[in-house]
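A short write-up of the structure that comes next.
When the chains are written out, they are named A, B, C and D in that same order, and each has its own residue count from 1.
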Amino acid sequence: MADLKVKIHNLEFKNPVTVASGTFGFGEEMAEFFDLSLLGGIFVKGLTIKNREGHVYPRMAETPSGMLNAVGLQNKGIDYFIDHIYPNIKHLDTHIIANVNGSTVEEYIEVTEKLNDLEKVTAIELNISCPNVKEGGMLFGISCPSAIAVTDAIRKVYKKTLIVKLSPNVTDIAEMARAVEGAGADSISLINTLLGMAINAEKRKPILSTITGGLSGPAIKPVALRMVWQVYHAVKVPIIGIGGIMNATDAIEFFLAGSSAIQVGTANFIDPMASLKIIDGINEYLNRHSFQSVNEIIGLLET
Amino acid sequence: MADLKVKIHNLEFKNPVTVASGTFGFGEEMAEFFDLSLLGGIFVKGLTIKNREGHVYPRMAETPSGMLNAVGLQNKGIDYFIDHIYPNIKHLDTHIIANVNGSTVEEYIEVTEKLNDLEKVTAIELNISCPNVKEGGMLFGISCPSAIAVTDAIRKVYKKTLIVKLSPNVTDIAEMARAVEGAGADSISLINTLLGMAINAEKRKPILSTITGGLSGPAIKPVALRMVWQVYHAVKVPIIGIGGIMNATDAIEFFLAGSSAIQVGTANFIDPMASLKIIDGINEYLNRHSFQSVNEIIGLLET
Amino acid sequence: MKVVADHKVVNIQYFSEENYVIQMESPVDIPKIKPGNFAEIKVDNTPGVFLRRPFSILDVDYENKLISFYVKVIGKGTRYIGLYEIGDQINLIYPLGNSFTVSDKDRKVLIVGGGSGIAPFILLGKEMVKNGIEATFLIGGRSQRDIILTKEFAKYGDVLVTTEDGSLGEKGLVTQHSVFISPQFKYDRIYACGPDPMMKAVAIIAQQKEITCEVSLENTMACGFGICLCCVTATQEGNKRVCLEGPVFNSRYLKWQI
Amino acid sequence: MKVVADHKVVNIQYFSEENYVIQMESPVDIPKIKPGNFAEIKVDNTPGVFLRRPFSILDVDYENKLISFYVKVIGKGTRYIGLYEIGDQINLIYPLGNSFTVSDKDRKVLIVGGGSGIAPFILLGKEMVKNGIEATFLIGGRSQRDIILTKEFAKYGDVLVTTEDGSLGEKGLVTQHSVFISPQFKYDRIYACGPDPMMKAVAIIAQQKEITCEVSLENTMACGFGICLCCVTATQEGNKRVCLEGPVFNSRYLKWQI
């Protein structure tokens, strides 16, 4: 058994395989499939200050090797999470990371402040990249000054590990990464979904109620890998790689490009056991190639 | 038979199906498959002022529902085109459109000026979006001032139809489109490839010699459709839609989103007859839905 | 716990080019399946199919570990599943979703199915018999060829049929069947599954007659087990996941535009 | 004109789990195939396979419109092609690429094949016989199980074998075969197809002995017919497309790092 432990800022993860926000609920539903404590961490569904019903149906479109979603951050709000969900998942022996959303800097701050006291929420992931709603903050995530403003504000009120999640819908991802690192991010996760669109030619209508939505799945993996690699060469903080990871080989590619950990997203929908298989596969790869630890392959790409 | 004629600026195309630059050579090789005069137009392989050998092998990587390329604008230079290729294709009864590349505004101008005199080259496509090389001008295509500068310079020296090809690797595609429209573009084509990367996990090396390359194919269709739709609502000039078009349904989606014509790219590699099948399929769709002309469905998306 | 496993195809029976029942063998004991539960089927090797496809569980044979589905061909996935060969493996996840209410207070129930919406009603029929509830099945389709499994339904209750072209049973839509205007019309509960307009029409009748009506909704699903939030339907208490809080809902709980 | 058409699988013969010959029937008359020509095979319904796959044409039967390929399993596509069933349709494009030079000035030639690189040499052997040229086939592989089709080659000339483990023929790499140091070594031309290092080693020997050497290169191809420029190899006259100006090159024309 190779050593799968990785560090993100000052947190130790038992393994580098976590699950992406919005693709694993709050974990509760997935407990019917496997023991969630086997995961390195769980990034829970995006939280907002108030209850959000999300967008109207239809919210999903299948695309070549991927899907579009327009969920629109449906969640019952931070207070409901604290009172009704957190108590059910806080016993898990894995990192629970809250995905924080807002439509103003103040909202981000309010949500974050409430999370400060949850002992088992060991980190937050600042989502400045959700393409679906104003509250998802993509507007924050596509310009440096606003990304700096929100990161800086949260840094002031949050003492634990601060992960900032970047949007791929930008001209220069390295610049964005440097900006949030400078503003105090302890780690950077990327990528969120690419803004896309699907059309029903027969009905001559968009498939999503919101017209455009977020593209995820293997289709975006080449873009995600490229951005991870660019950001790895732009910042010093650890990177959490996301985008189309379906199996252990995909995960290894992200480590080689510079990720210290990865998030499994859309793959959970197709194979709820995907993340466990990925953990096994990483171990198998490390053994086969005689690496002692996953840390040895982070950024090891020979260029 | 529905009316398939469309207009791009002052040019009439016998049908809206053209083939994308770099995915059809200079047409010569494809004449072994079908009569090229059946096409609406041919966007020939990117031209530069001097001979370019392109990048070293490997130049290609297969990805989920797509591929990455790093050809690097291999071509024998504009003079060779004029002397040795143009004479062989000028008899074709279809629009021949030259794809113009440069690493400086001066180079763009030089190439363009030489094309002015070629009677059968009825338009040029200004490529400010090739992610593979400096000469491909992606640096021009990802900032408004430089896109305006090169478009404006070419507008001054080119009197025929000027199509500007946009890069999808930007934060705000509508802004780019308005910029080049303002600088004199008669039409806008989009999208060029998304910047991506592929890794061989076993060898721990990038698959492409250039590390990153251009992502094309069905994987990028949702992004392309979204951008066409955004640009359609941002500019008045006709749009030529590109990105992952494999069949007539895909093409119809691009018309609905606002394209006046489309380019078939990567699909040519998998099915050299793809563009002919798409022409037939468009006709079939129009008949089935009782449209007289393809012009009726341009931008018809009900939102 | 859920079953997530490769199942072996043991039989495919075509009723027409567009309708078939596929039966598979489970490698593990099949857990208790309730009427209305569904499975997510992974359709391998089909261009353009990326996500799983949801199908109601038609029938189970616990002893022989057999599970079957009734599939109507709609697009790529439903066509391809019918092309599997005996012995091929198909990955299934089940049981998913909630189920129809079976109340021993009920005496007589009406079960209305249209198209592939009849699928959950074999298991429901069995439960009715088990609980001594008298079931009437009302099956609708476009024409005779769409009306299948009636012999099977007849084992669990009366079977009424409508076809739009009148080729079998009464002519018209299910909701135009004479049973609804019969003076003897007296049911404690109505169940409906089928196209949205059909379910809405049934729900309206139920509401008028003040009878509880349960409908099983369809929806585009990315996961099928509650984690993506793509499959919501608007209810009196906000958006609910059709795959988890549904697919069965009391029609009055839904915020349908009826 | 090129053939672009669905072909019916009529036979698949496995030599081992990793080697097979697949034969297909063309719906149209097969145009003249030259030794070295290849085809682009469309591998349908295989996850992760988006582009066609190039394969040398192993043999053709013009009368019965049959075309065959020798496939070595490397990854997804090559595995899947071998799983087609008799009667299935596979889309092919051919003939593609250039071909080996067959010169009636030659008296004796040496044909060196390794792995799937033996594929183009059945057709080449036939041409040799037709032109009265004496061919010697030198076939290399890792072990006995990799050495196939030797009976077929024997129809067109002498057959020499090397295996790395010595299980058949001489032990070692093809280039270590005693033929190269034999005093009788006298060939007018050498043809080679196989892994790059093997072809380079053969080319070096040919150069030393001042014999013309033609090699058939592999390369990652997106199209296979000259339009994508993805498959280039560096030559004395700049980058050339392996799919169009190749796959056969005079080894001295190549800018190999030998």
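In this text, a contact is a pair of C-beta atoms (placed from the backbone, for glycine too) under 8 Å apart; a residue touches a chain by one contact, two chains touch by 3 or more.
The model shown is predicted, which means the values in this text are computed figures rather than measured ones.
Note on connectivity: the fewest chain-to-chain touch steps from chain C to chain D number 1. Path length between chain B and chain C in the chain contact graph, taken as the least number of steps between touching chains: 2.
For the pair chain A and chain B, the distance between C-alpha centroids works out to 34 Å. Taking each chain's centre as the mean of its C-alpha atoms, chain A lies 48 Å from chain D. Mean C-alpha positions place chain A and chain C at a centre distance of 36 Å.
In chain C, there is no position where the chain touches two or more neighbouring chains simultaneously.
Across the assembly, chain B contributes residues 63-66, 217 that each touch 2 or more other chains. Contact topology of the protein chains: cyclic, one closed ring where each chain has exactly two touching partners. Inter-chain contacts, as defined above, occur between A-B, A-C, B-D, C-D. Note for the complex: chain C touches chain A at residues 1-2, 4, 42, 48-52, 93, 219-234, 238-239, 244.
Chain B contributes residues 63-66, 68, 142-143, 169-172, 194-199, 201, 204-206, 211-212, 215, 217-223, 225-226, 229, 244, 249, 252-253, 256-257, 285, 297, 300-303 to its touches with chain A in the complex.
Within the complex formed with chain D, the chain B residues making contact are 22-25, 29-30, 32-33, 45, 51, 53-54, 56-67, 69, 71, 74, 217, 266, 268-273. The part of chain C that touches chain D in the complex is made up of residues 44-47.
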